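When the chains are written out, they are named A, B, C and D in that same order, and each has its own residue count from 1.
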Amino acid sequence: MGCNMHKKFKYILMFFLLLAVISASACIDGDEDGTAKGADSEVSSPELSVGISTDVNNWYLDKFPDGDGRFVWSQIYETLVRLDPDLNIVPGLAESWETPDDGKTWIFRLREGITFHDGTPFDADAVVFSYTEQAYVTQAVLRPIKSVETVDSRTVKFVLAKPMPLPFYLTHVAWPIMSPSCVDAEGNFVSPVGTGPFKFESRTRDQEIVLSKNEKYWGTEPELEKVTFKVIPEASTRVMALETGEVDMILKVPEYDVSRLETKEGIEVYRKLTTFTDFLQFNCEKVPFSEKAVRQSVACAIDTELITSEVLKGIGQAAKGRAYSPVMMYSNPELEPRSRDLEKAKTLLSDAGWKDSDGDRIVEKDGKPLKVTLLVSKGVWASRHSPMAQAIQAELAEAGIATEIEFLEGGAITQLENAGDFDMILRTGYFVWGPYPKHFFVHHSMAPYSHYSNATYDELVNAADMTADEDKQRELYYALQDFVLEEVPAFYLVHEEKIVAANSYVKGYTISSEDPWLNLEGVYIEEE
Amino acid sequence: MWNYIAKRLLLIFVVIFGVTLVTFSAMYLAPGDPAEVIALARYGQDLSAEQIEAVRAAEGLDSPVHIQYLTWFEHVLRLDFGKSVISSDDILEEILFRLPATAELALASLFLSLIIAIPAGVLSALKQNSLLDNACVFTSLLGVSIPNFWLGLFLIWLFALKLPLLPSYGYGNLENLVLPTLTLGTSMAAVTTRLTRSSMLEVLKQEYIVAARARGLDERSILFRHALKNALLPVLTFAGMQLGYLLGGAVIVETIFSWPGLGKLLVDSIFARDFALVQGCVLFIAILFSLSSLAVDILYAVLDPRIRYDRHD
Amino acid sequence: MTDMTESRCINMTEKTAEKMTGEISEKKTGKKAEKTAGKMIGNIAGIMIGNIAGKMIGNITRKKQVQEFRKNRLAVLGVLLIAFLAFLALFAPLVSPHDPLEQKLERGLEGPSLEYPFGTDNLGRCIFSRVVYGTQVSLGIGVLVVTATSIAGTLLGILSGYKGGLFDEIVMRGVDIVLAFPNIILALVIAGLLGSGFFNVVLALSLTQWPVYTRLVRAQVLSLKKQAFVEAARALRASNFYIMRRHILPNCMGSVVVLGTLEIAHVIIFAAALSFLGLGIPMPTAEWGSMLKEGIPYLLSAPHLTFFPGLMIMLTVLAFNFAGDGLRDCLDTGTGVMA
Amino acid sequence: MSLLSVEALNVSFRTGRGLVKANEGIFLEIKEGEVLALIGETGCGKTTFGKALLRLLSKNVMIKGRILFRGRDLLALSRNEMRQLRGKEIGIVLQNPSLALNPVLSIGDQLAEVYRSHEGCGKKEAEKKAGEMLGLVGIDPSRKAEYPHQFSGGMLQRVMVALGLALRPALLIADEPTRGLDLQTKQQIADLISGLVKQEASALLLITHDLEVAEQIADRAAVMYAGEIVETGKAREIFSNPGHPYTRALLEALPENGLRAVPGQGPSFVNPPSGCRFHPRCAFGTESCQKIRPRLLELEGERQVRCLLFESTGKPEEIPDDAAKS
C-alpha cells in the first residue's frame, strides 16, 4: 500500500467529510437564519403561530368541520349569538333577540354596518343563506326548523316545529354565518368568506393555514396582523414545537405536559374547566353490559379520582359518574357522585351470578368468562385516553373483569359501533354545545349511537327538551343526572379541562370554557 | 444486454400482476363488511339495511370474487385506484400528493448514507484491521442494530428538546428535513458501510489489483479506476434493495416526525380502516419499488460490461 | 488436514481453492453431519440459547471453526448476551421485582431507585420488570418466526432448486412477489388488517420473511447439484429424497443457520416497529416497542421511559448480529453482508 | 554482466499459524537478454519468488536479502521509485489472465493506461501505442474497446504479454504463461514470448511447471523445491542430464518418460522437513539426508546442485542408475 496513495486518499476523504460537515452546518445555519428572520418580522408586524392537531378539510356549511378546523373557523366566521368566557350568552352578529311564543318563534335583530371580508354586506339574506336546506345544521341538528325568513334587511325570523332554546344552539361555531359569496353561481364552494376578525389567506395542505387581519372588523380591532395555524398532529410534538419556539401557542395541550410547562420559564399555561366530560360508553344491547349490575360494578371498580390525580396529573375534575361538568347549565351541585368501592363491585357481580370458579381471577357466568373489549380512539383528540384506558383495565381486572383494549381511528370505531361489535368505548364528551344539556340525547333510544334503551329515560329527555320553563327544566335535568348515575348507561369519568399554552411574549389571551373556540381578541405579541 | 432487459421486463410484469393479486386478496383479511364501511362513510351513522345493499350493488360487491378482482384490476390498469372510503378523495391523487415528501426524504437519506458510507467503507477496507477499521466495523454494526424509531426519538430529544436547534416535526423547509434524514440516512449508512467495506476488501484481494500495481500504475488510479469501480458495482445493486429499506423505514420515520409522506398515509389509512386507501398505497409502493429495482438492474447492466456485452444471456 | 492448514496461509498453492471446497463438501456429508441433520430443526430453535449454536457448528464442521468463532470476541460477546437474554426470558418471574402489569398510579414517572431499578412509567409500573418480561415477547416472536420461516423457506428452496421446472418457476415467482413489497410494508398491512396480537404479529412476519431463505437455499442447491458427490449419488441411483436429505440439506444448513441468526435480529426489530406503530402486541403487555411508544409523551420529562426499552431492543439485535456475523465468518458461507 | 542478481533472498509470511517460509536462501542471476526458466511443482514458491522481485506480495510478507537490478537494490528503493520501475524496467505477466485483468475496463484502456502513467502520453497517443502493441502480440487492434470476458484464454494471455512488454522492459517475468491452454495455443504463446523477448532484446524469467516449454525456450534453468533452489545450470544440460534427484523425478513425470509422478506430497512451509527438504520423497535418501541440510554445491559448467550425494564426489554421475529406477 503506497504511502503516497494514503495521503492522497486522506485528502479526498477529508474533502468528502468537509462536504458533509458543510452541508450539515448549512442546514443548521438555515435554521438560525429562519429564527432570526422570525424575530425580525415579529418586530415589524405582530404575527401569531398556533399549533393545532388537524388540518381544516372543510370550509363550507354543508359539512361539520372536523377536528381543529373549528378553531380556525372561529377566526373567520362568526355566529349570531356568542358565549362569553364563562359561558353566558351574549350578542354576536345579532344584537338582540326575542321569542314571542315561548320558544317556537325566534326573531333576531342584526347588527348594522357589518360587511363580509369581500365587501358583501352582512344582512338578513346572509342569515337565511347560512341556514338553508343544504346546511349541515338544518339537516342534522336543527331538524325542527320549519323556516328561516327575512323580515327586513336587519331582522330574521326562525320558525320551529317545537319550542327550543334556539340561541344556545346558534352559539356553536360549526354553524356560523357565511357570506352568500362563498359559493359561485352554480352553488359550488369557492372560498371561505365570513365576518370574523381574520380573513383567509392561504392553506398548504396538512401543513398550515394562514389568516390575515380583517381591517374592517366591526368589533375590537385585532392586534395581530397575521395568524398562522400549523398542523401538528401529535400532541407531544406540538408541545415540543411550542418549547422550541416553532409556534407561539398550542391548543389541546396533553395533560401529562401541563405541570412541566407550568413551571417552565417563558411559557404560560391557560386552563379552564370545559363542558366536556370523558365517559365510558357501554353497549347495553349486548351481554354483559345489558346487565345493569355489570355496568354498576364497572362504575364501582373505577377510581376516577385516582385517575384524575395520577394519570391526568390533576388536570380536569374527577366526574365520579356525574354526567355534567359543573360549568354546564343545570349541573346539580348537590349530586352525590360515586366513589370507588371494589367490594361493592365484586358483590354486584357475584349477586348477578358472575363468579370466579376456576381461580383465574376472571369471573364467569354460565362458563363464560367476563371478557370485554374497550375501544379507544387513536385519534389526535385525546392522547390521555391511552393511559386512562390502561388504568381502567387494571382496575377492572381487580374486580374480575378482563378487558382488552383496542386502539382505532374514530372512523373505525364508528364502524364497529354501528355493527354493535363492541362492549365499551372510551369517549370524549362530544355532542355538547355550549352549556345547554342537549348531551343527554346521547343515551336516548332514538339516537343511533345510543346502544341503550330505557323508556323512563327517553321520557325524561323528551320532556326536558320540550319545556320552556326553567325551573321545570332544572328539575328534569336533575332527575336525569340522578338516573344516569344510578342506571349507568355510561360511566362518566373526568370533566375535561381546556388547556392552551403559549410563550409568555403572547399577551392578552383569555381562555374560554367553550371548547372549540379560540378567542384571539386582545392578543398581542410583546416586543422585547 | 437487451435480452437481459427484456427478461427483466417480462418478469416485472409477472411480479406486478402477482402483487395486485396479493394486495387484492389481503383486503379479505380485514374484518367487517366492505359495503357497510362505504355506506357508513357515505350516509353517516343512521344506516338502513337498504342503504347498505344499495352500496353493495352499486360498488359491485355482490358479484363473485374473481369478477370483483378483474373489475378492480381493469381499473388499476387505467390508473384508477378508486376513491377513499373515508374522505372519498381520489386515491391516486392522494398518493401522488404525498409522493414528493417521501421522495424528498428518501433521496436525501440515500445521499446522506452514501456520503457517509462510501468513504467510511473504503477507508475501513484500505486500513483493514486498524483501529479505524475496527471502530468502523463496530459502529456500523451498532448502526444496523439501533431501531430507527429509537434513533429518531433520541435525535428529537437531543436536537429538538435538549438543545433546541432543529424542529422535531413538519415539512417544507430545509431544517425540517435534517432530523428525519439523519434518522433514516445514518441507519442506512451503517448497512452500506458494511457492504462497501466487504466489497472493497474483496476487490483489493483481486489479482487485477496486483496486476495493475505490477504495471507501475500510481495508487490513485489503482484505487479509483481499478478498485472503486469494481467495488461500487455491488453497492449499486444494493441501492435497489435500499429503496425498499427506505420506503419501509419511511413509514416509521414519517410517523415519528409527522412527515406528510406515503408512509404516514399508509399507517393513517390502516388505523382509519380505509381499506381502499390501504390497498392503493401498498400497491403503489410495491409497483414503485419493483420499477426502481428494474431501473437499478438496467443501470447495473449498462455499467457492468460483463452484462452489457454478454450476447448469450 | 495439514495440507489444508498450510494452503490456507498463502496463495502460493494454486489448487487450493478447488481442493478446499471439494473437501469441505465431502466432509460435511460425513457421519456427524448426518446425525445432526435430523436434529437440525430442533436445533434451530435452540439458537436462542447461544451455546447450542456453538455445539452445532462443532457438529457440522470441525472444532477448528469453533475455535475460530471463539477467537472472534464480538461473536462470543453476542452469544453471551443471547444466553443472558434467554435467561431473562425464562426466569422473568424470578428476575423482576414487580408484576409487570401492576400499576401504582400514585407512583408514576419515578426515576430509577432501589425499589424500581429503571424507574416507573406513567402508570406507576416497574419499567425494569416490564423490560425483563419484554424479553419473552421479543425473543418469542423472533424464535417462532425464524423457526417457522427457516423450515418452510428452506424446504421450498431445496425442492425448488432440486426439482426445477414449473415448481421452481412458481415458487420463485412467489418469492419475487413477496419481496416486491419493501421491507416491513407487507407485514404492516397484514398486521393492520388482522388486528393486533401476538400470533397475528408472528403470522404477519412469517408470511413476509420466508422468501429470504428460499432464495438463499435455492441458489446453494443449484450449485450443489453440480458437485461431484451429488452426481455420484445420483449415478448410484440414490432416491431424490435421499439425496436431498443426506447431501443437500446438510450442506445448506450452515448458511441457513447464519441467515436465521441474523433474521432473528431483523424480526425482533420489525416486531418492535409494529408495536411502536400500534399494530403489534396489544397493551398492556410489556413489549419494548409499545413501551417506547407509550414513553414518547414523556420524552423530555422522563426519558427513562423510552431509554430502557430502546436499549434492550438494541442490545438484543446487536447480540444476534454479532453472533450471526461471527457464525458467518467461521462457517464461511457466502451469505453475503445483507443476508 | 548480470541484469538481475538475487542474493540470499528469504521471503516469509507472518500468518496466524506461524511463519511461512516461502523462499529461503535464494541466489540467482539473470544476464541481459537471457531466458531463465524457473521450474518446479505447483506450490513450490515460484510465483512468490516472481512477485517478490517486484515487491508485489501481501502486507504480511517479510523479505530479506538483496535483489540487485542493474546494480540497484530493489528492496531499498522507495515506493515511488519502485512504482516507476515496475512495468518500465521489469514487466511481469501474472498467471491466470482472466483474474489479472480488470473486468470493467476495456483491454485498450488497460493498455493505454500504462503509457499514460509512465510516459505521460496524451489520450490519443496512448491509444495509438496500445493499438500497435496489440498488433504486435497478434490481436486485431480494432478489438481494443472490448472487455476481458469477450476474449478467449489464449487471446487474454496475449493481452497479458502485451501489457508486460508494453514499455519494452529489460526484464520480463512471465508466470505460468502457458497454464491452462491447449497444446496448439500453448505453442503459439511460447513462440510469441520468446520471439518478442528476442526482438526487444529483453531478458526473460519464465516461471513454469511446464518443462517442455522451458526446455524449448530457456537458455538456463533453475529448479525450485519447497522454496529453495535445488539445481541450476544450462537448460540443455539440466534437461538432458538432470542432477538433483528432484529434477530427475520431475523429468520422469513427463509423458515421454513414462508419466511417473513424483511420489508423496509437497512439504509444509511452516515446519519444513529436517535436513534435506526433499528427503521424505527422495528415492536415494540416506539417514544423513534427514539430519544434514545440504548446501548449494558449485559444480563444473555453471552447474549448482543442492544434494548430499554430490557432496563427497561432486559428480552427478555417482548416482546409481538402477537405484533411481527402483
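Here is the rule we use: a residue touches a chain if its C-beta (ideal position, glycine included) is under 8 Å from a C-beta of that chain, and two chains touch if they have at least 3 such contacts.
Every value quoted in this text rests on a predicted model; they were computed, and no experiment measured them.
Counting C-beta pairs in contact across B-D and across A-B gives the higher total for A-B. The chain with its Cα centroid farthest from the Cα centroid of chain D is A. Separating the CA-averaged centres of chain A and chain D is a span of 88 Å.
As a whole-number value, the distance joining the C-alpha centres of chain C and chain D reads 49 Å. Taking each chain's centre as the mean of its C-alpha atoms, chain B lies 53 Å from chain D. Averaging Cα coordinates per chain places chain A and chain B 37 Å apart. Contact with two or more other chains is made by residues 156, 161, 218-219, 271 of chain B.
Taken residue by residue, chain A touches two or more other chains at 1-2, 4, 234, 240, 243, 378, 407, whereas all remaining positions touch fewer.
For chain D, residues touching at least two other chains, in rising order: 83. Across the complex, chain D is touched by residues 206-208, 210-219, 221, 225-226, 229-230, 233, 303-306, 309-310 of chain B.
Put simply, chain B touches chain C in their complex at residues 11, 14-16, 18-19, 21-22, 26-27, 29-31, 138, 141-142, 144-147, 149-150, 153-154, 156-157, 161, 191, 194-195, 198, 238, 241, 243-249, 251-252, 255, 266-267, 270-271, 275, 278, 282, 285-286, 289-290.
By the touch criterion stated above, chain A contacts chain B in their complex at residues 1-2, 4-6, 8-9, 12-13, 16-17, 19-20, 24, 26-28, 30-31, 34, 57, 204-207, 230, 232-234, 237, 240-241, 243-246, 378, 407-412, 414-419, 448-449. Residues 74, 173-174, 176-178, 180-186, 188-190, 192-195, 265, 269, 272-273, 276-279, 289, 292, 296, 299-300, 303, 306, 310, 313-314, 317-318, 321-322, 325, 337-338 of chain C are the ones that touch chain B when the two sit in their complex.
The touching residues of chain C, counted against chain A in their complex, run 101-103, 105-106, 108, 122-124, 195-196, 278, 282-284, 294, 296-301.
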